[in-house]
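Below, each structure is written out as structure tokens.
Okay, so chain A shows up in both of these, paired with chain B first and chain C after.
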Partner chain A sequence: MEKLLLTLIFVPLAAGFVLLFTPAKWKLLHKGCGLVISVFTFLAAVKLFTAGKIVFDQPILDIWQVKLNLLFETNHLNTFILLFAMGFGLLISIYSLKDASAPRQSNFFYGALLLAVGGSAGILLTGHLIFLLIFWEIVTVSLYLLVITGGTECRFAATKSFAMLGASDGALLLGIGMIWVLSSGTFQFTGLGLPTDSALSIVAFLLLMLAAVTKAGAMPLHTWLPTSGECTKASIMAILPAALDKLLGIYLLVIIVKEIFLLQSGPLSFILSVVGAATILFAVLVAMVQHNLKKLLSYQAIAQVGYMVLGIATLTPIGIAGAVFHMLNHATYKCCLFLCGGAVEHVSGTAELDQLGGLGKKMPWTFMAFLVATMSMSGIPLFGGFVSKWMVYQGLVQMESQADPAAGFWPLWLLVAMFGSALTLAASVKILHSIFLSRKPDHLRNVREVSAAMLIPMMILAFLCVFFGVFYRIPLKYFIYPALNIERETAIMGSWNSWLAVIYLLGGVLIALLIVLLSRSLLKQRSVPTWTCGEVQPNDKMIVPGTHFYKTISSLSPFKQLYHLQEKEHFDLYNHGGKIGLLFSGFLKWLHSGLLPVYLVWTAFGLIVILTVLCNIW
Partner chain B sequence: MEVIRHLFWLLVFPGFLFTVILGLYACWIVRKVTALIHHRIGPPALQPLYDVLKLLGKETLIPEAANKAVFIWAPVVGFASVLLLAILLWAVDFIPARDNGMFLGDVIVAIYLMVIPSLALILGSSASGSPHAAIGTAREMKLVMSYELVLVMAFIVVLIKTATFHGISDSQNDAQLLSLSSIAQYTPALSISGLLAFLAALLCVQAKLGFTPFDIPEAETEIAGGVLIEYSGALLALWKLAQAVMLVAFPLFLVILFMGGIGTGFGSVLLGLGKYVLVLVLLILIKNTNPRMRIDQTVKFFWFYCGPVMAVAIVLAMLGNYYDKWWL
Partner chain C sequence: MMIPLPLFVAVPLAVAFIVPLFGQKTKSAATVLANVATACLLILAIYIMRTGQSGIYRVGQWSIPIGINLVLDGLSGLMLLTISIVSFAAMLFSIRYMEQYTAKPKFLSLFLLMVAGMNGVVLSGDIFNLFVFLEIASISSYALVGFGCEHEELEASFKYMVLGSVASMFILFGVGLVYGMTGTLNLAYISKTIQLAGLNNGLYFALAMFIVGFGLKAALVPFHAWLPDAHPSAPAPISAMLSGVLIKALGVYALVRVIFNVFGVSIPIGWILITLGVLSMVIGVFLAVGQWDFKRLLAYHSISQMGYVVLGVGIGAVVLAQGKDPAWASLAILGGLFHLMNHSVFKSLLFLTSGSIEIATGTRQLKQLGGLAEKMPVTRTMCTIASAAIAGIPPFNGFWSKLLIVLAAVKAQFYGLAAVTVLVSLVTLISFLKVQRYIFLGDLPDNLKEVKESKGSMAWSMGVLAGLCVVMGILLLWEPLREQILTPAVQVLVDNVYSSKIIAMP
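Entry: the complex of A and B
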């Protein structure tokens, strides 16, 4: 079993690394290799999920106080996330089989995909912080490689994502160093339970938190997501930022809160709540006014991370369970949405909302999957997203009886979360109208449904959205509760009898259908042109694009200024960071004047400083 | 037995027959009171039923550009979801509290179920492919966004008040906080913050029902029926029936949340019906004394006027909770 665990991690890593250096023309090899290995990793993940606890501990290095062990161990939390992570990897490799718009450098695409899969498996299974960091870096690099396959216009996005994620990885490294000091020399995090009472431990917590939320895509370092979303292919967005990065980021956040630290300090959970709430509100407001499908989906993905962060910030069992369940639901529906978006882009050649429309008739399956996934994201009852949001809300309501500073603001968090869900619905309605409903522009007349290899992954994900919504007790019972050591049926305090609701709903549908059929009014149906008060207009003139839906709101006073600042990218820390970096390098440039006397003065100055310090020590 | 009981619940009481009849009757009350305000005689009591029957006999027109499946399924799902909501809310009043298996959901579920009819209307109108309907779609969605903020704030006031009444301090009682039947035991509307919340929620229900001044998505005089412009025949009849059920469910939601519910005894049922009629009459009065607002005015009204008032109400309620003063 330990061998299986090791192969699960290192086979995709090795294969991915080798694939990177194969010629780009060997597409069949890349596809075959990607498919076979992702099938294998998925099956291995299933095996690990059903097997009991496995520990693999191999000392590698033992110098002075630094002990480096290649430590892998399985528990309920990581095997369940692993199962889904590998599942997403498999679905993406099936989807990419027929995706004709796949990048030309398929060696990079499949190589990086396997690296991402192997790296995620490593992150999830390792119990050692240094190895976690190494695998974490591998996933960051693989994202860079994937984004760069988009061609020259993606270089900026790839660099930006790499810089921002790299910066957060730096924070992770620093945080791990602090943990090493705090825990007096151990890198193993299982059951560490450091108290958050000293300044050092609070800083360490914040650094690790920054790394986790950046990977997941929450504010403040969130802007890499929409930038790469705009130019990257949808299947790449579906696997990394939408699915794996969310799983990994929230996994790390759960580990931080539950394993590494004992979170007693109220201010820290307050900071987490603020990050969560601000992420929800800000990102969803920005999402509403986007004109590009993938950018809009990226901003919605950011907003949904807010729910997970907020759920974890409640520090109640149900809040954390809701957050983890929302992570699962989010990965499912967001992956589905990006895949559907990829299908739309594949057939129409564009992701700009105002050039699309009326595709629901020609692409019924894609439309159905997309509809289900958006309903799940907007938290409509009977879909998965509703249940997890509902659990997060319950966690927030439970804060009512707590007495720390974050809990005092529970009405605010609850308001932002519930209102954010309505705004998410608004953004989703905009997409649905612009792409699938409304009228078809003339240039899309010959559009056809995509092939089965692309449809099957979407259908599986859409099915999961419904399944997690109606039979939500099953994933809770088998995945979430064991993973978080929550006793069954104790956590949820609300009531939602989903199957009974389904029965009543179906009953209502039957009644409505009976009314319609018995009246025989539908038999007398007639197809008529759209009523335009007698004016005859060409088809393209009658399209009201969804991109103008929320102009009313974006031109209202405080929002107008907000959107203006957003468009000027004032909220993008990458730009500000870049400016500070430029200032710093300008200063260095100024120092390197090339004049020998200046250098000598600096050297002498440095010598004096060093001598003074040394003298003081002696 | 269980099956028969559920069937009875769905078909007769409090499901389809009861709610639809009550809803059509409520429609008649709306039209009759409106007529009285206008100094007209008004329609006979069966007029809403005649309207529906007449529509059922008409042919159904389907626009060529429409997405036929969504266009037809939207009213069906809209009707079914609002029926589900009505059953959920009646169950709170008529099921003894110990019979937990019958409860469909808590108050959050109810709030979310209330969105589905609007969503179905949005999808159906968007699927019709008409430019008028597209403008109606955008307006309906903006309307939902604008009142949802206030509705959630009113809901939070109710939560705080319920916590105050319960005297909840330990987490074991938390379960009571979200259950509709325990919320229905109290009347937050008798406190200052609760009254503010009730008035704000009343306006939200006004908007949810699409009554003037919030009939912006339909706006017959501007966009010729907007969201409903392409609907006709049996499908339009379904929308009318769904509106009739909404006219029962949404005021009932207010009665449960703010006015202590309906209860089971004969006297309390009469009193409960009185509360329901009170809410209905308030809705009708607002409907008949205000002109239609523009959508931007509505967004401003809900976000910038009702929002701050509700923020004050939440603070008052929290103060009341802190100092144990139920009337705050």
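Entry: the complex of A and C
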């Protein structure tokens, strides 16, 4: 079993590294390699999931109080998430087999995909902080490598994502160093349970938190996600930012809160709640007015991270379980949404919403998968997203019993969370209308449904959305509660019975169908073209694009300023950091005038300072 | 078998005087000879590392304080290995690269003189010979910087020469003072005298002279001003040598040797090292990120990366002087020295790739380049590996040494220093993302449609260094190698048995 665990991590990493250096022309090799290895990793993950606890511990380095052990441990939580992560890897490599819009440099695409898969497996299974950091950075690098396959327009996005994630990786390194000091020389985090009472531990917590939320895509370092979303291929967005990065970021956040630190309700959990709530509110508002499908989906992905962060910040068992469940649901529906978006882009060649429309009839399967995923995301009952959001809400309500005054803000968080859910639905309606309903533009007359290799992953994910909604007890009871050491019977509030709801809903749909059929047969109908006062109007002029849906809001007073600032990228720390850096750099350049006497003066100045210090002449 | 230590100086010196005898027609023979010489040095260096030799060679069998002696210990062994690797790769690269210049045998001769000087500096057991070898290496490097004889190259060479001479003058002045105060020039005996009698203001003055002099050679801020002009102006293999090893052998090695093994560490000296290191790191990297000339950007990064080395060593010095756990000091110094080795490999590789790009496209302005990923896949791969290494991305070598430095800083409770280290690493990453973005990604400009990839010796030498970047982590992780190469060098500085060992020699 230990061998299986090691191969699961290192085979994809090694194969990915080698694939990067193969010529771009060997497409068949890349595809084959990617598919075979991702099938293998998935099966291995299933095997690990069903096997009991496995511990692999191999000392690698032990010098001067630095002990590096290649340490892997399995438990309920990480094998469960691993199963999902490997599953996403497999679905994406199936999807990409037929995706003609997949990047030309297939060596980079499949190489980086395998690196991401292996790196995620490493992060999830390791119990050693330094190796966590190493795998963490490997996943960051794989994102960069994937984004640069997008070609010229992607090079800015790639640079920006790597820089921002690199900053969070630096924070992680620093935080790990501090934990190493706090825990008196150990990098093993299982059951560490440090208290957050000293200044050092608070800084360490905040640094680790920054790393986790940046990977997951929450504020304040969230802007890499929409920037790369705009230009990158949908399949790339589906695997990393939408699925794996979420799993990893939230997994780390859970580890930080539950294993590394024993977080008590207080200022730190308040900060976490603020991050969560601000992320929800800001991102849904921005998502509503986006015109690009992938950018809109990216902003929605950011907003959903807010729910997970908020759920963890409640520090209640049900809230954390809800966050973990929402993470799985989110990865499922968001991956599905991006894959559907990729299918739409594949057939139409564009992701701009006002150039799309009326694809519902031509692409019924894609439409269905997209609809299901959207409903799950908006938290509509009977879909996975509803249950997990409900659990987060319930966790928020339970904060009432916490003694800490900061917990008294729970009604505010609850309000923001519910409001955000409603706005998510609003933005989703806009997408559904713009792509699948409305009127079909002329240039989309010849589109066809995509091939089975692309449809099957979408269908599987859509099915999971429904499955998690109806049979929500199965993942909760058997996987998530044991993984988090929560009592199995932790009840969800209220009398929610999904079977009853299924029956009601199905009944409602039947009645609606009946009404439609009856009205068709009983009432006389006449269908005529739209009357345009006799003038012949081109088809394209008759389209009501969904991009106009929320124009009223964007011209409303507080939102108008918000959107204005957002347009100018004032909320983008990357820009501000860059400006400050360039200013400093410019100042230094100005100092280096190239004049020899000036340089000699510096030398003399240095000599004087050193002499003063050494000879004690104060 | 004990290898006579003077071979490290004699081989390059002898070949340096033979190669100019070859004319323009037989220059290929000269090239072969020079390459054989550097290859021999590499084999010798690997051999002494394998056998773990340490020893003293008395020139002319004169007894120690009177005659000249060469000392090989862990630190000089590590430096010898580094110098040999980089000079081997740079020499291999120049086989093809230097064809564009006219006086190739002269170039080879100067190159080998520089190698001889550096090997002499790291082996020399007395401070005056150290100065002599330092001058040999410096003067040949002044000539090499101006080798192209263009307007800018000569200007850079002149600036370099002025500041370099100032440095040499300071060092010589320091040597004189030390001789006056202690009555000996042998490093071990100076150290013994200082241990017995303590430091007086005259010796402190000499130490300040040494710090400024070697600091100038190492291009630490504020003594760095010559470097960004000089390193980009030289031909690419020479830039690789200058940034890769010259500033380390002449500057950092000498500084560390004099401070740790001769004068002894104290808290103010440690803080001076840390301050120099932090200033170099921060100022160097922020200057680098704003550059648009590829080689100039790399040159500023050299300043910044040398800051890491000095910071690591400085933290070690402070911890030792404070009397805290020597394990923390060892960790910091290990990080610094390992970073020194790593930097010499990835920075020389970066300069070689810059040469490969310049020879193919005729420019090194980032804004005039672009889209070379498909045209120059080999160079691109090498440059990406080196960029990843310098930015500290695992599993490449730079990651490990930076990790050690950060951990040591945290352990010694210098949290601010650890944060600065991470910040500088981030800015380094950003500036190399910029390099990747402007050189290799994006659209190919029309005038670069016919660009050809570098082949032959250029590709091979880059490949050797890139391979090292990938695998050099095992120097730290694999115990036998670590015990052979890195640990002895750290022990030389931490245990401070240098003088007693030499004086105890028969």
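Just so it is clear, the second predicted complex is superposed on the first by the 553 of 618 C-alpha atoms of A that agree within 3 Å, B and C clash if a C-alpha of one lies under 4 Å from a C-alpha of the other, contacts with A are read in each partner's own complex, and residues count from 1 in each chain.
Note that a contact is a pair of C-beta atoms (placed from the backbone, for glycine too) under 8 Å apart; a residue touches a chain by one contact, two chains touch by 3 or more.
If you're wondering where the values come from, they're calculated on a predicted model, not measured in any experiment.
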Query raised in the report: Is A:603 in contact with chain B, with chain C, with both, or with neither (first, second, both, neither)?
Result: second
Report task. Look at A:53 in the shared chain and tell me whether it touches chain B only, chain C only, both, or neither; answer first, second, both or neither. Result -> neither
Query raised in the report: Once the shared chain is lined up, is A:507 touching chain B (first), chain C (second), both, or neither of them?
Result: first
Requested in this report: Examine A:448 and indicate which partner it touches, taking first as chain B and second as chain C; both and neither are also allowed.
Outcome: neither
Report task. Applying the touch criterion given at the start, work out whether A:550 contacts chain B, chain C, both or neither, answering first, second, both or neither. Result -> first
Query raised in the report: Which partner does A:3 contact after superposing on A: first (chain B), second (chain C), both, neither?
Result: neither
Report task. Report for A:582: first if it touches chain B alone, second if chain C alone, otherwise both or neither. Result -> second
Query raised in the report: If you stack the two complexes on chain A, which partner ends up touching A:381: first (chain B), second (chain C), both, or neither?
Result: first
Report task. In the overlay, work out which of chain B or chain C sits against more residues of chain A. Result -> B
Query raised in the report: So which bits of chain A does chain B touch that chain C touches too?
Result: none
Query raised in the report: In their shared complex, at which residues does chain A touch chain C?
Result: 21, 60-61, 63-66, 68, 130, 133-134, 137-138, 141, 148, 152, 155-156, 158-159, 162-163, 166-167, 170-171, 173-174, 177-178, 180-181, 200, 203, 581-582, 584-586, 588-589, 592, 594, 596, 598-600, 602-603, 605-607, 610-611, 613-615
Query - Residue ranges of chain A in contact with chain B within the complex - result: 358, 360-361, 364, 379-381, 386, 390, 393-394, 397-398, 400-401, 411, 414-415, 418-419, 422-423, 425-426, 429-430, 432-433, 436-440, 493-497, 500-501, 503-509, 511-513, 515-516, 519, 521-522, 524-533, 539, 542-544, 546, 548-550, 552-553, 556
Query raised in the report: Across the complex, what residues on chain B touch chain A?
Result: 6, 9-11, 15-16, 55-65, 67-70, 72, 75-77, 79-81, 83-84, 87-88, 100-106, 108-109, 111-113, 115-116, 119, 122-123, 126-132, 134-135, 137-138, 141-142, 144-145, 148-149, 152-153, 155-156, 159-160, 163, 168-171, 174-175, 177-179, 224, 229-230, 233-235, 237-238, 241, 295-296, 299-300, 314, 318
**Report entry** Touching residues (chain side chain C, partner chain A) in the complex
**Finding:** 159, 162-163, 166, 170, 201, 204-205, 207-209, 211-212, 215-216, 222-223, 225-226, 228-229, 268-269, 271-272, 283, 286-287, 289-290, 325, 327-328, 330-331, 334, 371, 381, 388, 391, 393-395, 399, 403-404, 406-407, 409-411, 413, 415, 418-419, 422-423, 425-427, 429-430, 433-434, 436-437, 441-443, 476-477, 482, 487
